[in-house]
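Both of the next two complexes hold subunit A, though its partner changes from subunit B to subunit C.
Here is the complex of A and B:
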């Protein structure tokens, strides 16, 4: 099963490679990884989306906790939380398709952030269901480039 | 106590080392040797071993030693020189990304960028290495940081790390549950590992075993955690464990694992491991990641084994298990460890004699391979920290430098490396270190002229197709060399006796059973580094054996 693991770490050089090395060294799969500082500049948050059965996820959490630079590990999947991802899609367009694309973008409450004659660049923010759905729709027009941040998550309340 | 080797990037530290009155420095002949020496020192004292080497090749030469220590949870602090901070990343002379290379084989590592952080880093490094689950810590120290001066230097007295707080005390609720599970059991078994040796919980193990009549088996690294001369001792379990230990593991209805990590050499096929303990495995370990990693555990207890066992002993009631003990005794009688008794000089006999002559009071280190298993089988360990071996990584070349490190820590003890002829050649250069520092380590080479353990696998599982395991010259059936080399090339090299002498150590070759005990006595009396080369039967196998990934049912007993 897919899990979203949120990990507070010390904001130091080398921490990212420790975490990445843990996953590669022990053969765990990372789907996405997103890192940035928190409200405290000395602390960063890593949001890791990974897969595995319960035993593997338990090991991943324990192994992360064991790293000296890791402050706190939370398995968000087990709790009430909100997830978001930002995706930029550069989609091919012609005079004929432009209006259709803009309409879909509006339905999804996404935005057009760049326009030229042959492409439109769309920015969409949402949970994975929403962004996947829009990406799927855009495919029929021809996606030229796709950039995703990977998911971030926060506990409710 | 520091073991190491100098070079350009650590000149400044060495400039101080030889002025210091407090630091004893041992110059080795290879950085790998230094790490294993520090490791042998640490395993026999419980104190962290310290290594000091230069950047680049000096640092990369420590990696095997760090990995060895990491796998077996040994506290080391390894300080490596590094190129100046200004040129890091520029492929400078003797630059290596030491923190990158060492990350997967250390508990933690540091690249020190300013001298201001150095006191804290040093304090943390020793603290991390030797608390919780111990392990090696590396400090990468750029040359400019070594040269910088620090005003108001003060070494922190106390240490508080927010992100690193090992658990020592066991959870009382879990301990109560453990007591209940043990009290319900009719066929309990204690399975003790390196954690017991590490925390010196041997007295608590003995007390629990005797109070509740629980037989005790140990892992390779747990040897010495329970007196092997005790009637409840089942000796080592696992791939090359005793048949009685493995039978007991298969039949027990409650397993109490103490500081052991359910290694695959121990469990064999996981689906068939301890089949009667599905809801009665208690696991005491200081590292949460060891618990339920390979085998699901019923009562996990995170904590130091000595403290947890002490807590358990406060509440657990005495119990008798006459039928179970009778069964275990029957197995011990039926399937003792044994080897062929005849006039040939067999390696098992040599180890038995080492035990007899030293009365079990030596510190034994081992190399890796058959020699290691015979050292585990035929010498009875009664005290922790008297058996020193590379278990997890299985590093050939470990035993000799580890013996040197142990001898440094225990100058008055007899320290013996039980060695294979292959392994000993991997760090033989440290003979110079032993001789020049007057460290009377005894190396007992069980010379079968084979990479014996590999040969055994080729014999058993690869149809006797011996490939790259003969350490001598290739010969035909009549024993004539077939390689066309000049006649004066010996049938095997080196001549270990001459080699010992070349280094200023003593050497003796033994070919007959009767000469074994006198040779060992002679070596002990010499109080100098000695090589005893025993020319043993070449194709001896280590039995019993459970093939890799198999279960107790596929155990091969050996001698009929």
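Here is the complex of A and C:
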């Protein structure tokens, strides 16, 4: 099953490699990861998305909790939460296809953030389903570059 | 100086801890990090934002290039590029302040993605200056939770 783990850590050098080591030590790959400061500059949040056996993920969460620089770990999967991801897509375009692409971008409430003669760069935010749907549509025009942040999550209410 | 490093890597277990180790081994902290797949599911992109001595960052980039699972490293700082970050802000609100908050959210072209009696959750996308400005404004109402993806970057044109 897929898990979204939100992990508050001390904003210190070395924490990231210790956390990453817990996953790689079990041969577990992280699908996406976001690390950034919180409202307290001394505390960073890691949002980790990974798939795997529930029992093993539970073990990893226990190990995370034992790390000295880890403040709090929440498995968001079990909680009511909102997920979002930001994706930048550089898509090939010609004079003939530009209007079609712009129309699709508008349907998705996405934004065009850069244009030149041969490409459009699109910024889209949403849950996985929405961003994957736009990426699929853009594939038919030719994706030149795809930059994703990975998913973040926040508890409801 | 601040550097934004975009790093294409094989999507394999263990790569992240090796990359993180290069930074922590020098006592260098990563400010923000995004890791997610690209249009090729076998290849992930890491976007690393860090500050430090240019000479040492240059050394780190050389070391990154030597890692077997690293495909390509670009220091975006030297190139024409667009940066974006996604931030979710859960802000305290009352019947008296709700309208003020919504007004500010609209000015920033941000979106409200969750509401309850005591909080509003806001989604905002932009460059550092824009998102920092909204975070500062929201601080006066009381930030309950702040979830940032960290910055991603894409080359222009």
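Basically, the second predicted complex is superposed on the first by the 157 of 157 C-alpha atoms of A that agree within 3 Å, B and C clash if a C-alpha of one lies under 4 Å from a C-alpha of the other, contacts with A are read in each partner's own complex, and residues count from 1 in each chain.
FYI, contacts are C-beta pairs under 8 Å (C-beta built on N, C-alpha and C of every residue); 3 or more make two chains touch, one makes a residue touch a chain.
None of these values were measured; they are calculated from a predicted model.
Colleague: Classify the contacts of A:70 with the two partner chains as first (subunit B alone), second (subunit C alone), both, or neither.
Modeller: After superposing on A, A:70 lies in contact with subunit B but is clear of subunit C.
Colleague: Return first, second, both or neither, reflecting whether A:10 touches subunit B, subunit C, both chains, or no partner chain.
Modeller: After superposing on A, A:10 lies in contact with subunit B but is clear of subunit C.
Colleague: Quick check for you: in the superposed arrangement, does A:20 touch first (subunit B), second (subunit C), both or neither?
Modeller: After superposing on A, A:20 lies in contact with subunit C but is clear of subunit B.
Colleague: May I ask you to name which of subunit B and subunit C touches more residues of subunit A?
Modeller: The larger set of subunit A residues in touch belongs to C.
Colleague: With the two complexes superposed on chain A, say which partner A:148 touches: subunit B (first), subunit C (second), both, or neither.
Modeller: So A:148 only meets subunit C here.
Colleague: Pick one for A:39: touches subunit B only (first), subunit C only (second), both, or neither.
Modeller: Second partner only, subunit C.
Colleague: Which parts of subunit A are in contact with subunit B and also with subunit C?
Modeller: On subunit A, the overlap between the subunit B and subunit C contacts is residues 13-14, 17, 21.
Colleague: With touch defined as at the start, can you tell me which subunit C residues reach subunit A in the complex?
Modeller: 6, 11-14, 16-17, 20-21, 23-24, 27-39, 45, 47, 82, 84-86, 88, 90, 113-114, 116, 119, 121, 123, 125, 135, 139, 143, 145-150, 152-157
Colleague: So in the complex, the part of subunit B that touches subunit A is made up of which residues?
Modeller: Listed in rising order, the residues of subunit B that touch subunit A are 99-100, 103-104, 107-108, 111, 128, 161-164, 287-289, 292-293, 296.
Colleague: For the complex, give me every residue of subunit A touching subunit B.
Modeller: Residues in contact with subunit B: 10, 13-14, 17-18, 21, 25, 55, 58-59, 62-63, 65-66, 68-71.
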